[in-house]
Structure formats: C-alpha cells, structure tokens
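Pasting a structure here, questions to come.
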C-alpha cells in the first residue's frame, strides 16, 4: 500500500524531529534548586533518616498510597479478565531447582525483610523488599507442583489489600485525629511508617507473584 | 446557614477519595456483597460531594496539604469550584450508574468485578479531580486507565478485548507523553505542585514542550479527533453501565486535566496559534463524530460516536480560553451537561439492549415501543445531547454560543450550532425505530430500576437546564492561574 | 569537573532517545508484545530523564525524582502486567497477538 | 316593525331559509317557501319610510343599511324578479333531484342581491356582492353539462377578477375616506386607481364591453329562472355599484366620457353580435349587453354633467326596472314558449319584446323618454348621444325580431304549462305595461306625447325595415344567417389560444405535476443515495485512522504541530 | 414576580401533565385517555378564560420568571398578544382533541399520539406566554421536538422521510435562531418583550449587526412559518394524520413561526427601528414571494392535503406581510389573520380528514359529488375555502381588508396587487374542489367508504368539531365588530400595546351619518 510506504519514513522523520527538539530542551534545562534542600530541612520531622524513604512514605506518602492502589488494581484487573491457567502451564521440575530454592527462599525472605527495615535509614524500603520477596514467590510458583493448594481466595485478597488498607487506615486516622489526611503524629511517624512498609511489602510481594501468574488459577478454587 | 459555618473548616475533600477507595477495597474483600458496598459508597460519596460543593460555594476553594507537608514538599488536594463541580457530576452520574448496574448485572456470575473495578475507577477519578500535583495526577491517571481498561474488557469476547487492548495502549502512550512533560517541568522548575508551577512557568522552550506533550497525551486519552479511534469500539462494546461511566465521566477526566493545566500551570504560554489548531480539531471532531454516528448500525455505537463528536465541543476550550476570561466555564458546563445526558442515553441504551437482546437499531422498534419509559429517557437525554431547550444541553449550547459571540469568534459559534444539527440528526435517528409501525414488545423481563434510572437521569438533564446560575457561581470559585 | 557535569547530560540524552525510540516502536511495530515493550522503553526513558534531572540540580542529588521514579516503575510494572495479560487474552480470542487492521464491527 | 329589523330582514330572510334547508326532516321540503323569502324586501320597497337607515355595529366591520330612492327602485326590481323567478323555479325544476341545491344557491344569490341594494357601507356592499356572484355560480352550473361548466368557469373567473378589482378599489376608497360608510366615502373624490378598479370590477357584472364575455355563455347555460334573475336583476348590481361608489359629481368627468363610449359601443356591439346568434337565450343575453350599454352610457352622461345627474339617475332607475322586468319576462317566456304552440309563444313574448324596444305605452317608452329627456336640456350638445341611443333602439328592435323568429321557430314539445310557470311570467308581462303608470304616472303620460313617441317609433321602424329585409331574404332566397359571431364572441378565440398554450405547457416534462415539485423530489430521492455513498467513504477514513501507523503519525504530528503553534504564538507575543 | 404567575404555569401544565400521563396509558384505556384529553383541554380552556377575566376585568398582570443563567431568565408573561395566541391554541386544541379522538378511533399507538399532541400544545402555549426572546426560543425548540413524533406517527418510510426533512429544516432554523438570540442578548441583554422594541438605545453603528441578527431571526422563525426558501418541509409533513396536519398548520408550528416574527418585529426591534434599518421591505418582499409561490404550487397540487399545505405556505405569509407593512392597520390585518387563518385552515383540514376517513377521498378529483353525500362537511369546506380566498363575510375577508388598507396606509399600494393575485390563485385552487364537490355527479363507489349507514354523514366526533370551527370562521368575519371578536382584540393590541392611538377610532368608532 502506498500509504504505508509513506507513513513509515514519515513516522521516523517525525520521531527524529521530536527527539531533536527534546534533546535541545533537556540539555538546555536551566539549573534549578530542586527539592533537595526542603527535603533535607524536613528530614528531622519525617520520622525516617533516608530522604527517598521520607519522600516516598511521608512527604509524598499519598503518591505511594495510590501506587499501592495501582498495584492492587492491576491484580484485580487481571483477575477480572476471568479464570485462566497461569503461565507457565507446567512447573519446571528437577532436583537443582528444588535444591536451589530451598536455600534461596529463606535468604530472599531475610533479605527482603532487611531491605524493608533498612529503608528508613539507607537505600531500601518496601518496594525493594517487596520485590525480593516477590521474586522468591515467583520462584516458588515455578517449582511448586500443580496439585499443591494455593492460599484461599480470601487470604489472597486480604494479603493483596493489606498494604493499601494499612496505608488508608493510617491516613484516615490522621485525618480523624487532626493531623490531616496522610498525616502522622511526628512522634509516631517512624513506627507507623515501618508498619506501613511491612504491610506494603507483603502486599507488593504477593501482588508481584499474582501478576506473574497473570490471572487467577483454577487451582485457587481447589484451595477453598 | 449556621451549619455551613461549622462546615467551613472541615476537610471534606479527602473523604471523596477515602470513601470510594474503602468501598473498592471492601468490595474486593467481599465480592459477594460487592453491590451493597457499591451502593453504600455511591450514596455516601454523593452526599459528600454535595457537601463539598456547598462548602466550596460558600467559602471558596479549599486547599489541603496532605500529611501536613506544605508544597513544594508535599502534595496538596485542591477542592475548588471546578473540581467540586466535576466531583458532584461524577457522584450523581455514578449513583445512577450504580443503581442501573444493580439491574443490569443482576444474575451475572462475574458481576462483582464490575462493582470492584467501578469503585476503583470512581476513587481514581475523584483523586484526580482533587489532586494538585502533576506527578500525583499521573498516578491517578494510570489508576483511571487501568480501571477503565479492565471495565471495557469485562464484557469478554474478541471485540471488547481488542478494544480494551487498543484503549490501554493509546492511554499508556498518552500517559508516557504526560510523564515526559512532568519530567521536563520538574527539570525546569524543580517543583510539582500545580500552583507552584503556575507561579514559575514562563515563556520558554521546556514548559512549551512539556505543555504540548502533556496536552497531546491527554488529548489521546480524551479521544479528540483524530485520535479518537479507540473510543467507539471501547465504549460501544462495553457493558452499558461501563459505557456510561466511560463516556460520561472518564472522557471528562482528561479534559479536566487539560483544562486544569492550562488554567493553572500554563497561563503564561501563548494560546494564539494553538487555539486555531485546537479549534480545527474540535470542529473536525464534531463533524466526523456526527457523520459516523449517522452511519453506525448499532445503538451503542451511535452513542459512542456521539461522544467523539461532543468531545469536540470540549476542546473549543482553547479558542475560548484565549479569547474570553470566562470562556472555559461554558465548556465545563457543557461537560457536565453532556456527562449527565450521555450517561442517561447509554443507560437507556443498555436497558433496551438487555430487553431486546441486541442493540441493532433496525430491529429495536418493538422494544422501544414496549419500553416507553426508557424510550422516553432516550428521547429527553437525546434532546439534551442536541441541546434542545429545557435541558442542560441547551444552557450549555447557549453559553458556548454566547461566549463565542462575545469574543467575536463566530466561526466557533457556527461549529457549535452546526454540531447541534448533526446531533439532532443522529439522535432522531436513534428515536426513529420507536415510531415504526408494528407491535410493541417489552422484551425480556427486566428489573424496574433499569427503566427508572435512565428516566431519572434524563429528568435531571432537564433539571440542569435550570442549574446554569448555581453552576456558574460555583465555577467562579475556581483557583485562578498561578503566574497569570 | 567535566565528567560530573556530563553525567546528568548523558542520562538526559539517553532518556530522550529511549523515549523516542519507544515511541517509534510503539507506532511501527505490529506485535503487541513489542508494543508493550515499547511503552516500557518509553517509560524507562522518562525515568532516566528524571534521574538526570535529579542529578543536575543545584543543591546536590534531589531525592524527590528518585521517589517519583520508584513510584513510576511500580505503576509501569502494573500497567505492563495488565497489558501482557490482556495481550494473551486477545491472542486467545482472535488468534493474533496484534490489533486487527479494522474494527471488528465493520 | 322598526326599520332596524326590517332592513336587516331583507337580506337575512333568504339566508335564514337557506339555513332552514339544512334542517333534518322538514328541510327537504322547505325549498317550496323560496318565493316567500323576498317578501320583506318587497314590503320594504313598498312601505319602508323614505330615508330608512339602520346601523349594526356588531355586524362585520359595522354595517349600515339604508333605503334611498335609488335603492327603493332597485329593491323593487330585485324583489319582484327574484320572487317571480322563485315561483317559476318551483315548476321549472319539477322533480329535479338537485332542486334543493338549486334553491340553496338561489336563496344565497338572492340574499346577496337584496343585501347589496340596501347596503349603505362598502363592506356590506362588497359582502353581498360577493355572495351574489359566487352563489350564482351554483345557478350557472346547475345543469352540469359540459356547456354549463364551460360557462360557469368563464363566469366564475371573470367574476372573481371583478371581485378582487372591486375589493382593491374599495380599499382604496376606504383608505382615502377613512371609513367605510357610503356617506363617508362620498366625501372624498375617489382616486384614479380606485375609479379604474371599480369601473372594471363592477363592469364585469354589468356586462360592460369587453368584460361581457361571460354573459352570452352563462345565460343559455343556466336554468331559465336563473337566467331571468341573472339578466334582469344581477347585472344591474354593477350599475347600482357604479351609482353608489362613483357618484356623479365626485368622479372625473373623463370617466363619464369613457362610460358613454363604452356604453354605446356595448349597445351597438350587443345588437351586432346578438343578431347573428342562433339560440334564443343567447340573443337575450346580447340584448342585455346592449341594454346595459345604454344604461351605462346614461350614467356616463350623468358623470359628464353632474347637473343632469339627479334626473338621469332616477331615469336610470326606472330604466333598470323596466329592462329587468321586460328581460325577465322574456326569459321566463322562453321557458313557456317551448311548451306551447307557435302563436301562443309569440303572444307570450311579444309584449315584453316590444317594451324592450321602446314601444309607446310600455315601460320601455317611458324609460327611454325619461333617459333622453335630460340630455336635451343639457348645456352642451348631446345630440350625438341621443341619436346613437335612438339608433340602438333600432338595433334592439332588430334583435327582438331575431328573438321572435328564433323563439317561434325550432322544435317544440307541447306540454301543459303549470300555474307556477305562467303566473310569474304573466305578472311580469303585465308589469311592463302597468309599472310605469303605477310608479311614474306623469312621466308615463308625458311619454305618450307625439314627439317622444316619434322618437321612439322611428328606430323601431328602422329595425323593422332591416329585419324585414333579412326575413325576406331568408324566405325567398334561402339565405341563412351566417354564424359570423360565435356565442361568447371574443371568448372563443381566447379559449382556442389558451388551449394551445396549455397544450404546449402540458407537453413539457411534468415539473409541476409531481406532488412535491420535481426539483425537491429529485433532491429527496437522489441525495440520500449520494449521502450514503459519501458516508461510506468517510467510514473508510475512519478505518484508516484505526491503524496504528496513522494514529502514531497523528500523535507525533499533533505534538509537532502544536509545538509549532505554540511557538508561533510565542513569537507573536514577543513581537 | 406578580402573584398570579402560577396561573400561567398551571395553564402550561394543564396540557403537559395529562400529556405525560397519557404516554404511559395502555392502548385499551380508552375512557381514561379520553377523560384526560378532554379534561386537560377543557381545563386549559377554562383557565385561559379565567386569565382573560383576570387581565381584562380585574386588571391583574401575570408573570413568572425562573432564572436560567446569570442575567437570563425564563419569563412567562401574559400580554394581549400572548392571550390572543394562547386562546386560539386552547380553543383549537379542545376542538382538535375531540376530532382526533374520533379520527383515531381504532388506530394503533393512540397513547403516544395524544401524549405528543398534548406536549405540542403545551409548547405552543409556552410560545404564546413567552415573555422574552429566550423563553420563546426555548418553547420554539420544544415544539420541534414534540411535533416530530406526530409527523412520523404513521411510521411509514414516507413519513420518516417527511420527518427527516422536517427536522432538517426546523433544527437548522433552531440553530440559526439560537445564534441570533445569543447575539442579540449579548448586545442588548435579555430584556422582556416591550411593545415598540427595546433596541432603541443601541448605537447607530450597530445597524449592520442588527440587520444581520434580524435576518437570522427571520430565517429561524421563517422555517416554521414556511417562508419561501424554507417551506418545503410543510407539504411533506402532510403524511401525518389529519388532526396533526390541522393543528400543525392551523395553530402550532406555522403559527409559532409567524408569532415569533410578529414578536421580533413588534416587541424586540419595534416597527420603527425595523423600518429605519430597512429590514421590513425585504421581509415584505419575502412574504409576498411566499404568498404567490405557495399559491401557485397549490394550484398544481392534486392531493387535497398537499394543496392545503401549499395554501398554508401562502396564507401564513399574510401574517408576515401584515406586520412587515410596518403600520398599525397592516398589523391589525396580519395579527387578525393569525387567528383567522388558524380557524379556517383547521376547518379545511378537518374537512379533508372527514373526506379521507369517511370516504377515502385523498385527491381533489375524487371529490366529485361529495357534497350530496356529506353536505355538512362540504358546507364547512366551502365556507373555509371561500374565507381563504377572502370572500366576505368570512374571516379571511376581514384579514384581507385590513391588509389591503394597511398596504395603502404604508404607501405601498402595489401590495394590493399581490393580494389580488393571491386571491385569484386561491380561488383557482379552492374553487375546483368546491365545485366538484357540489356540482359534479358521482359515478362509481367511493374509494374507501367507512362510516356508512348512520344518521349522520360521518362520526359525530368528526363532524361536530368541523362544524364548530366552520361556524367560528364564519362568525369571526360576520361578527367582526363584536367585543369578543379577534379583530376587536387585535385592534386592542395594536392600539394599547403598540400605542397607535388612532387605530381604535379608525376601525370601530367611525362617525355615522
């Protein structure tokens, strides 16, 4: 088709133009202070010591809350597409895998927990921790025999919404206690944040596993 | 009123996010009771939206720093006239959709998924309307997209799945463009708050590129011609309550965001030039959507293309923004009027579809004659779409034409009026089957609520015909542009 | 130091290139998997730009863009997961992992 | 009875009777009461006090009715003729299945005719006039032959043209006068346009040449009693109208001249065309044209010399009365003549014919003498007019000869003549003799003098001479009267021409015959098809947009073009 | 707000509510539907009478206003002109309702029909009581909406085509009108109708704009009034059932257009301003062209209803002609024709409906001898048709009389030529059916005889309304000087509302000798 012969180069040409323009603009971005200074100033009231964690869970906690919501929604969306056998259809069997997993999973759990805990003061946090835990879960899924029962649907749902619920509950509590929505009393901030992080990391891990499965397995039914 | 004073410093805005979100979470936990959570949430949200609108109307815009962190560090919730009007519209239409879904989804095995996703969508939209932070807006946008896509795919079958896929990809494309804009803005100014950005944005390359990327990204999401192709299949093939939610509400979300950006963040950027381009696209949408609606063989497709056409009106926003300081209000009122009317039309279409078992216009006559209430709702709400008097559509059209003429932009007035004619043509085409001779047939038995809800919404369209003044005075409480 | 000044620039440059590359691929590639990947590439591009911005600020490394990137990644992951599942469903329903040329209704 | 009610009853009685015809059971028989409907009018003509006047503010635009001397004369004539014709119709129609309809229209026309006589404001005059004109259509086409339809259409067409001309003229009068009472109207001299319109509008009714075309067609076509009133009473409405609306003295004298000329031409032409006719009633119709021409000329003289007006007007009233009665008697007589033997027929027709020609001792003599008398006294020499009037009388006699010949000739089917036929006829025949002595005895006496009698007799002699020659030619040389002038004279070529044009038009593609008009029809049928095809093309465009290449192209294109737009805007802002 | 404002609302609702209720009745609920119909119609009639008494005897003013947008109100008000139009609508509605009940006996979808029928009348009364241009526009559009279902009521392909064309025209008109009204509102605000107009204060340099707006307004109202290039929907809409045609042509739709034009000319622009702007003459010319064109087309229309439709095209323009003459007498002629034409045309349509329903007669040439079979209907037809021609003493004559006088008064004597030509053309198309009906002999059976054998020539519910309106057509002419006559009323309007103080005397109090 003639049109196609024209459109492809045209798309390329226009993409290049756009790239050029973008490059010019980004390279020409004026130096600006950013928010490093305000973050640094507010660190002592944040309840944590790592600025990224402070931003994630306190200053822009609402973002993170919604992000948990996105994750959960993604799972729900996938579930809503109906029952389907998860991918892969057949777990990979073999002694090496089992052996590796037997060692790897505890390590992953410990690492994940550590990452969550360390998030308040150093690089790390719920997402990182959750991701590691999730990876462990994925491995587990790959190796589990088909017949093994999954946690019940309610448990899955509870685990899935744990993070969001915890965040929402804390946020609403702040609203009701006069600290504003998503506000923590400074004294409690650290504990609350840690609690939220823990809950969130469980949810994130579970979510990742479920996302990996890409749909509710029929096996869920058996588990009930 | 004394209780208004009490209300003055209550933070109502967060509840509009908390309530539907909590509802969504609870519905997810107890799917069997999802519909009751949904109804409860809908009712509470409506009450809250009403209270918020009254509060804003009485006391002006409310700005809430989340977590007590003031900008630029924290995120703000902004409940001003514009936001509270959109919230109210969403709540009213949302309640209607919920009630209708009660009947529409009765007996559906997977009906609870609608409720869960719908409450998520609602929460996401409310969060978006209230958000005062460009990045937070991105997150809410994604929430909206995921929920909507899942809702579209809910119908199952090849057509809805393909439509959902296309919708998702276009939306993601739009989101990415938007996010790039956010990055550029942060790169240039180091802040994320709408007000803060507005205060800083000046005429330079980075904000220009950011504005364009964000706007075009959102245009793709709001299906402005010629980026509309994903909409008709998606809205046309989804279950009726979903179609109603998408066409009446979700499309407005990205429009709202564009409006918000240009009103608050980019007032420093010149609109001359852009207004012509957007005007042309808007006119193209009105014409194209109208023509396609004249041709589509199925009821819901017609209505979906009608949305394409009516989105065109929304983007007369740019010429109006440039030419008239109050111009955008007309467009917002139009968005509200269209939201209510379009929801009514889609819900009525859903009722007819359920009763007849299909929605082919040619064979719909008997059921339309048998289901008088629904046909009526279709008629009245259709009149609202056309902009016939006593409906909100008329007031909206009036405001649009008035604004256009006041600003001397008679050509856009012509677009509005001409679009009304096309709308008339396709709306009356919808109603035509009801007047063919032949027997009346009520079709399959349906719960009464499915007939009453569209009718109630249609009557609300008439009510909107008298809501012009309060709506405008609410809109007058909108936060003005920061730097402008 | 030249390297310090250049690092953020490289991030920015690569970010932009990735973004446009993704955009181009999203448009011209037919297969849905490629399209989904393209969206991810676009996202990565934006994240790189954000990181570049974070590094290029005046007051040292800015933590906020980092937080944004983390959030963004999670959001992207979610969207990608949904898109992939949807793709599989489309393939199951239509037999093709690509979007049909014309609407199913016509 | 007060004049108020009485005057109103004059036109109202026939209308009430018409309404009564619609009554469920008795209505079918009430047509027998038709003759009684003229009674209030007749009584009014005889006994209403001089200057009776009544005002009915609720009727139409405020209606005035009055009876002045002119009106009295015309009312008498009208009432007599309609009454006689009504009686005659009872017998004439016999068992005609459509007789109720005939009587309904008869009564309507009667009401109109009576009403216009007593009308004292132009609106009521016009109303009555229109009622009369339109209702007589029902009389003309009553027989439903081709001939009657043809005559009816011509009549109706011309009557309508006359109506609208009259309407326009009246509006002009009323506009100038600021009111529609006749007295008010007289205060202002009518404008030129009004004069012309009224001349024409009423001229149609009065058979003014060349507006007379309907007369020779309608009279033979209509049932005999209808012809009688048509020719005897209704055409006088035109004359009365002129008297009422263009009173001598307030109109330009030139109008008088025009009327004199047209009247004399009519008088002559009526004779000329009449003698070449081959049907009895047609001859009578042309005679009416001729006689109306004479009266028109008389009115014209009055307009030329307003000083003579009072005398002329009263003479004209008498003339109208005379002509009406005589002509009606002739028409009714024709109906009888067809049923009796040749001699009896001539006996019935002789006296009114002679009266028409102006035989001394008859009403004709009195009328003609009275009409000419003021002209001799005129300050200017009107001898040409009088001469021509006399010559016209010769023509009238000639015409009567022709009439007698035709009436006596032809096939006849002797039948009994019921009393309802001969009684009214007899009354009218007698009326031609008796009336002048009753109404204007001294004038009647004067007309017996030698000089006027001579003036009356020589034209008759002339007519006799010409007629005699023609008769002799016919008898001895086998000469038959050529059909030089067809019935309806000018109408015939007009009709031919019109048919030609219509034929030509109808051969052209039937644009006008399509229900919604050809052009619109083509649009309605053609456009949807084009439209559908075009929409399909649009839909193809939609499918193209659906492709990702296009979508992406548009997306990036939009980004770029928006950038350009914003940039241009920025440039504009900068500069 | 005047205290009696709710009266106006009540009058609107008296047809609206029964209408809405009727929609939801089942087909078989004949008695209830009839009761609602007649009850509503009678109630409206009585309310209007009460209103008339209130206005004229007690001197009350009625108005009701609801805020629509800042500075823009929905205003219902009763002035003499609105009362005239409202009374016309109410009376004719009552009559047509009876007729329609008879006409639609045993036909399907009656509930729907009567529902929209009532909506249609509500809209018309709304138009009548509109107190400003925006309100007028609103009800005008509602009327479009309410009439379309009536046009397509039969549901045949032909009626849908007619419906499409109707919509195409009316919606276009509505759009143009909306544009014009908005524009005018921007210029002069949303003023109530004011006798003599409310645009005087605008500066002179706005003349071209005002002319433009005037043209748009005329185009908008002209669609429904079937002014020349915009008339073609009307003959097509004849596929509707006879009562619809009757109401459409006599009262609702075309009159709404004409009424709008009258309002604009007299109460928005004011005649003087309009004349100064030079817009009355083009309007006059347009009206004249329409008059002649409609008549010519009517002559060539074979279908009886088509002929009546084209006649309407022509006759409605008399109203416009009258007001466009820009003089008091012309206004009297035009306004009185608003009523007269309504009554006469509704009579004609009733008659056409009677012929069609009783004998299956649809074409003019099928009318041979119908006078003998249906003398009453034929009498009514004759009266109304003659009235249309302008034959006294029927209503049409009164109109034409004052139109003619008005033309002379305005110094436009040539307009009388138009009246003359049109009258002749009217005669040309109305006389053939009359003559055929009365004087032609019937050979063979009627096309489709239905109501045979009764004592009456047709169903009494068809005959009675027909005779009633025919009697009105006669009475309005014959008794034009009575205090209750339309002429008297119109003169009152022109005298007191438009402030021509000599008109009254000129028409009713001329000296008597």
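Details
We just call them A, B, C, D and E in the order they show up, numbering each chain from 1.
By definition in this document, a contact is a pair of C-beta atoms (placed from the backbone, for glycine too) under 8 Å apart; a residue touches a chain by one contact, two chains touch by 3 or more.
Keep in mind the model is a prediction, meaning the values are calculated, not measured.
Looking at chain B and chain D, the chains that touch each of them are A, C, E. Of all chains, the one whose Cα centroid sits at the greatest distance from that of chain A is D.
Once CA atoms are averaged chain by chain and compared with the all-protein CA average, the nearest chain turns out to be E.
Two chain pairs, C-D and D-E, are weighed by contacting C-beta pairs, with D-E ahead. Of all the chains, the one whose CA centre sits at the greatest distance from that of chain C is D. Mean C-alpha positions place chain A and chain C at a centre distance of 17 Å.
Separating the centre of chain B from that of chain C, both taken as means of CA atoms, is a distance of 27 Å. Work out the mean CA point of chain A and of chain E, and you get 72 Å between them.
Chain C and chain E have Cα centroids separated by 67 Å. In chain D, the residues that touch at least two other chains are 539, 542, 546, 549-553, 555-556, 559, 563.
Contact with two or more other chains is made by residues 8, 11, 15, 18, 21-22, 26, 29, 32-35, 39, 59-60, 63, 67, 70, 73-74, 77, 81 of chain A.
Counting partner chains per residue, chain C has residues 12, 15, 19, 23, 26-28, 35, 49, 52-53, 56-57, 62, 64-65, 68, 71, 75, 78-79, 82, 86, 89, 99, 103 touching two or more of them. All chain pairs that count as touching, in label order, are A-B, A-C, A-D, B-C, B-D, B-E, C-D, D-E. Within the complex formed with chain C, the residues of chain D that make contact are 539, 542-543, 546-549, 551-553, 555-556.
Interface residues of chain D, counted against chain A in their complex, comprise 544, 549-550, 552-553, 556-557, 559-560, 563. Residue ranges of chain B in contact with chain A, taken from their complex: 11, 14, 18, 21-22, 25, 28-29, 64-69, 72-75, 77, 110, 113, 116-117, 120, 123-124, 127, 133, 135-136, 139-140, 142-143, 146-147, 149-150, 153-154, 156, 180, 184, 186-191, 205-206, 209. By the touch criterion stated above, chain E contacts chain D in their complex at residues 161, 165, 232, 235-236, 297, 300-303, 306, 371-372, 375-376, 379, 386, 389-393, 397-398, 400-401, 404-405, 408-409, 413, 416-417, 419-420, 423-424, 427, 431, 435, 438-441, 477-482, 487, 506-508, 510-513. Touching chain E in their complex are the following residues of chain B: 369, 372-373, 376, 379, 383, 386-390, 394-395, 397-399, 401-402, 405-406, 413-414, 417-418, 420-421, 424-425, 428, 431-432, 435-438, 465-466, 468-469, 472-473.
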